[in-house]
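The structure under discussion appears below in the form of structure tokens.
Chain IDs A, B, C and D follow the sequence of writing; residue 1 opens each chain.
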Amino acid sequence: MTSADAMLRGVIPPVCTPMTPDYQVDAVSLTRLVDHLLAGGVDALFVLGSSSEVAYLTDAQRRVVLDTVVGHVGGQVPVLAGVIDMTTPRVLEHVRVAVEAGVSGLVATAPFYTRTHPAEIRTHFRTVAVRGGLPLYAYDLPVSVHTKLSADLLLELAGEGVLAGVKDSSGDDGGLRQVILRREAPFSVLTGSEVTVDSALWMGADGVVPGLGNVDPHGYTELYRCASRGDWEAARVEQERLARLFEIVHVGGTRMGGSSSGLGAFKAALHLRGVIDCPITALPQVPLNDEEAGRIGKLLASAGLL
Amino acid sequence: MTSADAMLRGVIPPVCTPMTPDYQVDAVSLTRLVDHLLAGGVDALFVLGSSSEVAYLTDAQRRVVLDTVVGHVGGQVPVLAGVIDMTTPRVLEHVRVAVEAGVSGLVATAPFYTRTHPAEIRTHFRTVAVRGGLPLYAYDLPVSVHTKLSADLLLELAGEGVLAGVKDSSGDDGGLRQVILRREAPFSVLTGSEVTVDSALWMGADGVVPGLGNVDPHGYTELYRCASRGDWEAARVEQERLARLFEIVHVGGTRMGGSSSGLGAFKAALHLRGVIDCPITALPQVPLNDEEAGRIGKLLASAGLL
Amino acid sequence: MTSADAMLRGVIPPVCTPMTPDYQVDAVSLTRLVDHLLAGGVDALFVLGSSSEVAYLTDAQRRVVLDTVVGHVGGQVPVLAGVIDMTTPRVLEHVRVAVEAGVSGLVATAPFYTRTHPAEIRTHFRTVAVRGGLPLYAYDLPVSVHTKLSADLLLELAGEGVLAGVKDSSGDDGGLRQVILRREAPFSVLTGSEVTVDSALWMGADGVVPGLGNVDPHGYTELYRCASRGDWEAARVEQERLARLFEIVHVGGTRMGGSSSGLGAFKAALHLRGVIDCPITALPQVPLNDEEAGRIGKLLASAGLL
Amino acid sequence: MTSADAMLRGVIPPVCTPMTPDYQVDAVSLTRLVDHLLAGGVDALFVLGSSSEVAYLTDAQRRVVLDTVVGHVGGQVPVLAGVIDMTTPRVLEHVRVAVEAGVSGLVATAPFYTRTHPAEIRTHFRTVAVRGGLPLYAYDLPVSVHTKLSADLLLELAGEGVLAGVKDSSGDDGGLRQVILRREAPFSVLTGSEVTVDSALWMGADGVVPGLGNVDPHGYTELYRCASRGDWEAARVEQERLARLFEIVHVGGTRMGGSSSGLGAFKAALHLRGVIDCPITALPQVPLNDEEAGRIGKLLASAGLL
């Protein structure tokens, strides 16, 4: 079981995966992005999450990401790795690779694609935890996984020492709060919702995993610092600035899917800010066009980032 | 574009993947299962589909399945391969392996896990078709993929020569019929619904991909032959016998997910019929217990299969 | 319990509700529509179903429809009435009115709007059956009710004598077949899917409740007669003509909801055929425009109806 | 358009509808409940909402509720009325009755049961607002209505003066915040989530419509007062007590639907607290049993309410 001291806390951005124009991992830009995030004061990094386009990366590309980031970070902060796949045996393959790469923790969803059941989800997390031998965080992302992890299930697995925490990207802050109030063992509750971080921290969440943190890591660490020292008013002001910036994810509108629009916006912003060389997103995502990139630039400027 | 002569037709079971008690692919049982299916008169084989537990197989296990089946079949019938993964780049990895293994066609779903869009689905299938260089079949399985492939999208891609056909496991026979009535280019329409095969053939479908065909391949080939020679009454009688047999998939009830219950039932039945050595299903599925296996035995006996 | 003789069979169109330009029930057009349907040879009428815009009609309007149709039909054919509302107490109000109006049977959905449960659905149908004192048909319409009625639940209530049949508009013909194969008591299975009527009858369904039957009742009665005398080939030819005609429901496209598009198409077609005076649909539906009405006219002409 | 002064603010409980053992509205208990709420210091009352079992009440019962509450309150606080029905014409009937009864504002959902569209939702709210002539609040309840009201749609209708506010029971506090940040006209944002009231107020929400407020109105008014005077720490302590109390809604577990469990718990608690005579809920809800009522009693005691 995780001790309270070792609990994961703070700002842990899910690191975008920059690509070259021919869709290869751009390790140079990725390294620059890591430096940008570390300079922003983040507490840990989460690679191979949804915002990292993990669903679009081949296994070889995932390994490049792991090796690049773990190598470059060199232990300055913990690096968590997503082990995102459909079921236990496939997830265990990613676990093996991530452990070899030297990550500090693992992040797994419930099974998807298959028609699953709480009994299977329990077996899944238990098996991954035993085989991983590292702190395991449940990734609650119903929009992708089509299952909501209940507070009961999370707390049962926390009590067993199977789960060290949860990254809650469900948007259900009522559920988040029930987990916070009912937890007994040390159990990191991290919100994945970019626009309710101040309130999640207020409820007792331990940290945040913000996709938008790629674009403005300093904003999120400032928010977290304000909250940590009890200056909630300043935290709210910062959160509201970030919530307005978050509008970049809607610029793509209805001519593309939400993944294209959101991940494309993060990369377009990173490109405009000079952090990555190319804003391309993996196939089959629809790219943002120049007009849309222009609108993202204006939102960056409004947020004081250009 | 597929010529009418080359069109895929008939009974094409999605081949179950037998496993050893330690969850490895049991190549001996798999070979025996292939013989059982060929002896049942099937027209082609579909490996690495949902009924093959493809979502649970590691890449190495998928390759064992491909090599085992393609090698053993030796060209007697076409072998199609599922290339099931979340997005285009990952699917293309499976395409490469399947092509190397020498399969005759590929079966791909729309992207899943990501929040997708018709424009992205089109790009996805177009890219897979070009890179595969083999007939490509769309796999319409909303229960897993959480997107329904519309008739318009299928027919547009058929007209472009991107898709050679569809495996329709949506259960929406009205939609199936619209595709049949509106198709212009040769385009194989295959139903994946075990209990409405006679009526799908009646509507003009070209074949069936029945998970239950693992258990009773002869039943489905008899059904198809009756329909082909216009003896619809005999087809219906056979279909009704198979529909009653299909109740085995509900034996697992509510204590497990639908995948556990359905795939577990197929394997339990194959084990009871002496085709495979072990009825185990991959993790994290809930295994059927002895009482449930007993009820499956009774349903097999009622269908004249034990 | 219904005796086999009294079982509902044949073509039972859900009668559209024509309206005046100021959104009142147009009893004159409604009467003309009833004559059109009776002249088409239908076996019964179903008023206040989804195709009747029941969800849009006030209680007073529902009563006008009931009185107009029951009065005009004068016992020539049975008239079934939808008693569509959120829960048991509200449904019972509609039951009382329908019984007073002299209908022959009642059609009810599971509860909706509330978060329901099979135990509640059973109580619901049992209560409605007892209070109605008329044959009760379950209306399985997951697209509206957001619950699928399982074969087990339907057959349990059939066995108790609570349900006299089901109108299955779920599109799940595999589920429909399981009900047909497993029923023991007399239990009318009626499909609500306009484009798979021949195959549903082939499976043993007793009849059809086709919204498109408003537009072409003769087509559906011809289809049913062909099937009844075993001329399945002729049934299929007729069904395929009707399936092509059914494309009228998609003319409205994505600028409106499916209800606006489908119900608007039926009414536009009835108007073009001279059966009703005004094609208007109830608020807040989006009306079809002239160009769309023109395309519906072309599809009618192609089907030989203009 | 609402002026800022007239904006609805504070604690506005959705008033439960007590019933007699034969399922009639218990006006005596209802009056007692209103007194209990007013004594608890609530700012307004919302009758005929989901927590009022509006979906289960006949039109006559709804009228009894309106007359009883409006009459008894006698203008001490505003009374809002839910006008919950499937579509515009049916909602307008409820509007007429509510206006006659003398309510101060109306609460309407988007259309449900029908397959709807944003263009239709706009027409719906515009029509209801014009005909009602009273402040109109949108009720965002995707679990019942199966549509989520987008921030864009709400703000467009706010800008037009159609909507005076929203009752957000979607659980999506990120969406709630976007509405708060982007609103320009006076527009009341009220959360319907019982366990995140402090954080919603922190974000700038104007009030809360808590079902649990029936059981403990004083708790919610205390929470609101603490927040209003900037004592957020005290607000959080009170919220956490209420969040623990909210566990009563899960006591019914999986043997009933969520409506039965939640509404049954509120009524059981009101009965145990001596506010209403009978804890019965409308058909077809599953009643809580004695053991479950006992557990509710313990949770009440833990919250200091027994």
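Methods note: contacts are C-beta pairs under 8 Å (C-beta built on N, C-alpha and C of every residue); 3 or more make two chains touch, one makes a residue touch a chain.
Here the structure is a predicted model, which means the values were calculated and not measured.
*Asks:* In the touch network of chains, how many steps separate chain A from chain C on the shortest route?
*Replies:* Between chain A and chain C, the shortest chain-hopping route counts 2.
*Asks:* So how far apart, in whole Å, are chain A and chain D when each is placed at the average of its C-alpha atoms?
*Replies:* Roughly 35 Å separates the two chain centres.
*Asks:* Would you kindly tell me how far, in whole Å, the mean C-alpha position of chain D lies from that of chain B?
*Replies:* 49
*Asks:* Name the residues of chain C that each touch 2 or more other chains.
*Replies:* In chain C, no residue touches at least two other chains, as defined above.
*Asks:* So which chains end up touching which?
*Replies:* The set of touching chain pairs is A-B, A-D, B-C, C-D.
*Asks:* Going by the contact rule set out above, which residues of chain D touch chain C in the complex?
*Replies:* So the residues of chain D touching chain C come out as 23, 55-59, 61, 84, 86-90, 92-93, 111-117, 119-124, 127, 143-146, 255-260, 282-286.
*Asks:* Quick check: in the complex, which residue numbers of chain C touch chain B?
*Replies:* Touch residues, chain C against chain B: 171-175, 177-178, 181, 193-196, 198-200, 202-203, 232, 236, 240, 243-244.
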